[in-house]
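One structure below.
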Amino acid sequence: MVKIATIGGGSSYTPELMEGFIKRYEQLPIKEIWFTDIQAGKEKLEIIGEMAQRMWDASPYEVKIHTTLDRAEALTNADFVTTQFRVGFLNARIKDERIPLSYGMLGQETNGAGGILKAFRTIPVMLDIVEDMKKYCPRAWLINFTNPSGMVTEAVVRYGKWEKVIGLCNIPLIATMEEPGLIDKQQKELVYQFAGLNHFHWHKVFDLQGNNVTRRILKEMMEKDAGLPKNIFSVPFFEEQLDNINMIPCGYHRYYYRQEEMLSHSLKEYQTIGTRGEQVKETESQLFELYKNPELHVKPEQLAKRGGAYYSDAACATIAAIHSNSQTQIVVSTINRGAVPDLPADCVVEVSANIGSTGAIPQAFGCFNAPEKGWLQLMKNMELAICEAAVTGNYGLALQSFIMNPLIPSGATAKRVLDELLIAHQSYLPQFEATIRELEAQGVEVKDEVSRQIMLEEQGG
Amino acid sequence: MVKIATIGGGSSYTPELMEGFIKRYEQLPIKEIWFTDIQAGKEKLEIIGEMAQRMWDASPYEVKIHTTLDRAEALTNADFVTTQFRVGFLNARIKDERIPLSYGMLGQETNGAGGILKAFRTIPVMLDIVEDMKKYCPRAWLINFTNPSGMVTEAVVRYGKWEKVIGLCNIPLIATMEEPGLIDKQQKELVYQFAGLNHFHWHKVFDLQGNNVTRRILKEMMEKDAGLPKNIFSVPFFEEQLDNINMIPCGYHRYYYRQEEMLSHSLKEYQTIGTRGEQVKETESQLFELYKNPELHVKPEQLAKRGGAYYSDAACATIAAIHSNSQTQIVVSTINRGAVPDLPADCVVEVSANIGSTGAIPQAFGCFNAPEKGWLQLMKNMELAICEAAVTGNYGLALQSFIMNPLIPSGATAKRVLDELLIAHQSYLPQFEATIRELEAQGVEVKDEVSRQIMLEEQGG
Amino acid sequence: MVKIATIGGGSSYTPELMEGFIKRYEQLPIKEIWFTDIQAGKEKLEIIGEMAQRMWDASPYEVKIHTTLDRAEALTNADFVTTQFRVGFLNARIKDERIPLSYGMLGQETNGAGGILKAFRTIPVMLDIVEDMKKYCPRAWLINFTNPSGMVTEAVVRYGKWEKVIGLCNIPLIATMEEPGLIDKQQKELVYQFAGLNHFHWHKVFDLQGNNVTRRILKEMMEKDAGLPKNIFSVPFFEEQLDNINMIPCGYHRYYYRQEEMLSHSLKEYQTIGTRGEQVKETESQLFELYKNPELHVKPEQLAKRGGAYYSDAACATIAAIHSNSQTQIVVSTINRGAVPDLPADCVVEVSANIGSTGAIPQAFGCFNAPEKGWLQLMKNMELAICEAAVTGNYGLALQSFIMNPLIPSGATAKRVLDELLIAHQSYLPQFEATIRELEAQGVEVKDEVSRQIMLEEQGG
Amino acid sequence: MVKIATIGGGSSYTPELMEGFIKRYEQLPIKEIWFTDIQAGKEKLEIIGEMAQRMWDASPYEVKIHTTLDRAEALTNADFVTTQFRVGFLNARIKDERIPLSYGMLGQETNGAGGILKAFRTIPVMLDIVEDMKKYCPRAWLINFTNPSGMVTEAVVRYGKWEKVIGLCNIPLIATMEEPGLIDKQQKELVYQFAGLNHFHWHKVFDLQGNNVTRRILKEMMEKDAGLPKNIFSVPFFEEQLDNINMIPCGYHRYYYRQEEMLSHSLKEYQTIGTRGEQVKETESQLFELYKNPELHVKPEQLAKRGGAYYSDAACATIAAIHSNSQTQIVVSTINRGAVPDLPADCVVEVSANIGSTGAIPQAFGCFNAPEKGWLQLMKNMELAICEAAVTGNYGLALQSFIMNPLIPSGATAKRVLDELLIAHQSYLPQFEATIRELEAQGVEVKDEVSRQIMLEEQGG
């Protein structure tokens, strides 16, 4: 009988996680689930705790939900630890998005300047959790779906020296759900091979006769503008480029392949309806209103509309596959082991893997062609630079990772954006404290009004 | 409905292949099976053809067996081509074994001097078959279990430029059948990870809780002298070495880890009951007597006693897994694609793979420790040298591969053994013709009497 | 006695080349020098031929200058072939610069969109020359200083299958001349190690006690704004970034590290005094006026002011070092052979090398840190994509290389710039003819007026 | 003015070292030389100290020789530390040779079982010295010519974390001295490229026109049986093999390419005139008699006859090249940095290098063909296993390295030889103490009488 500990239990996604566990109970017989969160998330934690208990009570299974602010208590003897927290909550995401955009530069949750800062905030917290796991549940698996999932997983392995970790993402899952229909197939009639990095992978698709049907799907995707996650603006890829790649890029590749249009769309939202973070914050607040309803015991439909849909489902599927050694193919962030030979064997990649009792065994993908290889090697080395900067607080390296990032035009503005972001997130960046003090002394201030307001609130609180 | 073509259909193993297909008919609905062989194998081909038809007739399925000496006819529109021939029949094996042993040096079917010569004879024939496949069945899979299976697969990929090939071996299958019992487990309660080269791989074993149980199995293997193929003399491994490796070597590693004892055992057999090839020739002749019996319609028990048991079963399982896209884990020789990062991504390795409609997707194994890495890199480079020598007939490279081979002490005797083997097998080595003429001019003659006798017969025939 | 053949002999740089040969005559005893050029360069070829002969006549050495439009004649039995041509002359460079800038995007001779198109024009011509060399001077060395020098060298090796080639650049030479003074040293008191790619390398500097003095030089370069080639706008690097790199970037790194400022500077020139190409065209025309002077027999001072100063000097030094086997350290583009282990051993890199009778032996540099490694791997793979597109005329791959290029923001504008450039350079891009026809059919037209004018002239001529 | 510290100063090679320094005084102005040794070497240390002082006194230079048993004193503020000691003196070598030979297996100073044990004895002592250097002369260069020179250098870098180390060998030096004459050339008329491992490298030779003259030299070497070090029995290589390699193997390759003959020669010496160690011991004792002569102030001719001739000369040349930043090409053991791309960039290789103020910059050699690549990768991984076993005392790994060694046929005898060697050398193998106690408890005893006698003496002393 299994014990699950969920860090960031107060997340609005948790009901999806519960639904996933209920659905797979026969394969994964859970005894107890512990939700833990920080003091500032206490209220949400309790709302979610009650909601989750109602979901289980409405199921045929007897599972006890516990909520606690004591992480040690939640972790003790856990079999699986899931992480889904957001350091600084959605407010941090809003700053990640708005500050770059205030300088005409892409700010995004996991890409561009925003993604780098999210890594800086998240990695030290995750490494703390790993230290706790070494103490309280040294045999547990860490199932991470906190973004940026790939870099977080890399840091856990490289700096946390913890190999029992699997990073998850909903993007591949959505692809395998949406694409078959485009060519009148069922999901089970296609064979998928994914490889790359989190939010930066490609995949090939084959039918049951072994034919490569990738081009057919690409053609339909182009024509029907379909097959991609809802949370990414849908500018079409260049057909001639896809033809050369002959693999299906992930939705996030739009940021790299159609930088101009993606930026322009983000700027338009920034100037009108607000950034994605601001929109999601609204959705989230509505969700919590729903969750408070003591009659509600099913995941509300509204949750599926968020970008993160199926994230938790991927997590449940992974946990169940480990527990039951089902050797199911799932796309996860895990140690490369050679599966992507263009990257070092010891780094973390996102790749189709067999999931079973030993964790994730990546399926070897083979070498990429020059363009994809170049992109991957750049991005992985940027990730490594970001992870190191996140751990050491080395400002020069942080600046290097900004300059490497293909979505950040290098120069004075890039440096200014980095500096403002460091200042804006200072409550969550102890490793950069000396730098931040210096920047403040130089008079650097956050220009974006909404972000300033958030800072004031945070300092007030 | 599937068409199978079996090259070397007159092999005594064919009834096992039929049994394997009958067992898996629901998963692999076969319409017709074509056996083809060379003129010299015509009689056996017909005996086997009739035996096979009887087996199918006794089954609930309607499958037609065809025999033909016309390879093109057999191949035309085949879905799967299986290869199980032996260039020069068992007589060639006997020479491979006896000539080195006549100089106190190991001769073995796939290891040492014998294995190198078998590659020299087999690879050109296999490349011919591949050329025929390009003409007559360009969409077919080549399922090879002709030894040396790894090198043959390498040559098909590298020189035949044919990627739809899978090389098979029975050794891993036997391991997964024998080992669970040693620690009171069922096969399905263990998870296996194999990697290396054909007849030169190691594996790790885990239980359903993800615990590495390799040491427990090693301990039992040492104590019970169990878990290994019947055709390899069972000198125990050094316990301290296994402890350092912490993986289970394959049976053939005995030749490399206990060279002294294996050689001494081979020499004893050579001097008394005859080499393995001579023993097998006897068994084979008995088998054909049985096969002639028009009442017999099941695989005789005697066949299971041969070293090759389960070879055909592995082939049937692989074909069925491709046809039904079952994604079953089978250990096969296939293109590395990074699964063994210590070897180039484009060479052939033997590794746990998912078998499905796209063929074999190797499971990434990760890096080896220094000793196993060194061994692997030596052996793979030796294989590459052998393949190139087999294709080009380059004598200097053939000599280099002899000198690299860990089972052949370099020096004048090694060269003499190579020279005698080239002469002894001259009917099957057209690529080395110029060299052979020169050696004959130098007066090199085969010393071993039995081998000379076989040569005389061959030349007479 | 040595025969030199200079392709693009009518270049304004040729007098520098002559000066270099005269200076090194004792080490490199030349018998004859052949200048060849295309019909359109005939007049300049003759002016240069006479100027060059005057330079030699004024020297103590008897060397005969020949000019010819027959490349075969020039190449026959040459010992060294130098290439310094510009397909489409300076007008092509002007289009490379202006068309991207007309869309607010960097156009530059070897970087960004301009550099890619220059490769597309130059590589096929260079491969033709190599084919001629195979016929007329199969033992000669090809000493290339036609830009983009690194990619041209890569294409010669990879597609021309010609390994006796060395690519040159003046940037490293200038560094080793300028930097010692910054820390009050002589050139011979410092030891340099360069590695990377052409126009994208870094170097470390040591003193005679083995101390790494790189930081000291960097500090002085920042403070004195010194040490860099004259033809690159001198925006300072970020100090914190240099501190993290701890190597000296090359001047061209400014485009990548300070993209914003470099673009803004280029745009300003474009809108005011004209692009660099337009400026150089003016200088060049003045130079030819000088060269016509039958009294002139020394390289005029004005030549040194061009960005290309010392380019020819590097070439002379290299040729002399090969001829005299001096094992001099020169920074060249050559086959990697492992010197930069972060890139494949068979690709071309720019690296400190020993130059002697066997050509260039690169000095092993060792691994880079993550940021530099990521940059290099991206840039090399982009170069490989560009080379392949240059050879095949594959439009999808051309688009991929644009999208990979860090100086080109991907999207509709990037594609438009590519399309206009293909059209603008159509006289020199036979491999892209089908694509160009299609683009014209779609109505794509060159927007920049100056570029249109040049096109009209070209079509008129 | 330079301070040299020589560890193992009492070595009979020291006069050659002095001669080398005297010859290069202008390039390397030495102030003082300190010889240090262990208590058991005190007498020799003093003889050598006086001899060395006489040599300097007879020179035009004023250099003071100091002898001391206090290593710290010798090291303090040294600029260069040379190491030329032999743990256990020649007696240890005799055991390394005789014990394997007593079982019909090769024992040799740096190859086979003997070389492994020499590494086990030497590496821990060298790592101790490195710790002292960190304290007493942290800026000094360690110039090692203690064998096995490659593995010792590897251990210093890998386990000692000390990168200012260069390993030396006389073999390449002798090649470059002997080979030119074979084709009527001067040394300066040829260009050499060496790569591989210490005592396991190959080289190519070119003339001043860049022609590869390797085959010409190989042909002459075969015909004249020339060009190889005096201390290696001169069985000829196979011509066909050399032809395939197209590089010149080093003399030690005979052990690997002509194993049979080399073993048979060693056995014959063992059974008659005694092993090489026994012969050398005799020579050494004569040398010391000469050294005692207060009139002697030049290196006696007898020294040149030892296998180690030119070893010290290589050391002096290296030190002078570092001190004067001469960028001379010398073949040394140093960190690969990619020069041999078939081996990891961070391991130690033996390769042509530029020697200057930053130490050794290896010249990139490029990839090897399959046979040489396989050999190298095996040997390097064996070296890594040996180094790790030397540091950890891991018996299983020691056994693995025996089994990997191509000169040791694996099996019970191999294990017995390892066990006897461990016991025989127990005074010098503290890291293996537990294993040795256990072996003694099992009753393992040294069979070879001479070795037993040495052990008794050692225990008596």
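The first chain written gets the first letter, and so on, giving A, B, C and D; residue counts start at 1 in each chain.
The rule is short, and it goes like this: contacts are C-beta pairs under 8 Å (C-beta built on N, C-alpha and C of every residue); 3 or more make two chains touch, one makes a residue touch a chain.
These figures come from a predicted structure and were not determined experimentally.
**Q** Starting from the Cα centroid of chain C, hunt down the chain whose centroid lies farthest away.
**A** B
**Q** Using mean C-alpha positions as chain centres, tell me how far chain A is from chain D in Å, no decimals.
**A** Averaging C-alpha atoms per chain gives centres 55 Å apart.
**Q** Taking each chain's centre as its mean C-alpha position, how far apart are chain A and chain B in Å?
**A** 46
**Q** On a C-alpha centroid basis, what's the spacing between chain A and chain C, in Å?
**A** 44
**Q** At which residue positions does chain D touch at least two other chains?
**A** Expected reply: no residues.
**Q** Which two-chain combinations qualify as touching?
**A** A-B, A-C, B-D, C-D
**Q** Under the touch definition given earlier, write down the residues of chain C that touch chain D in their complex.
**A** 191, 193, 206-210, 322, 325, 327, 329, 335-341, 345-346, 354, 356-359, 361-367
**Q** Could you pull out which chain B residues touch chain D in their complex?
**A** Spelled out, the residues of chain B in touch with chain D are 238, 240-241, 243-245, 256-263, 370-371, 373-375, 377-382, 384-385, 388, 394-397, 399-401, 403-404, 406, 409-415.
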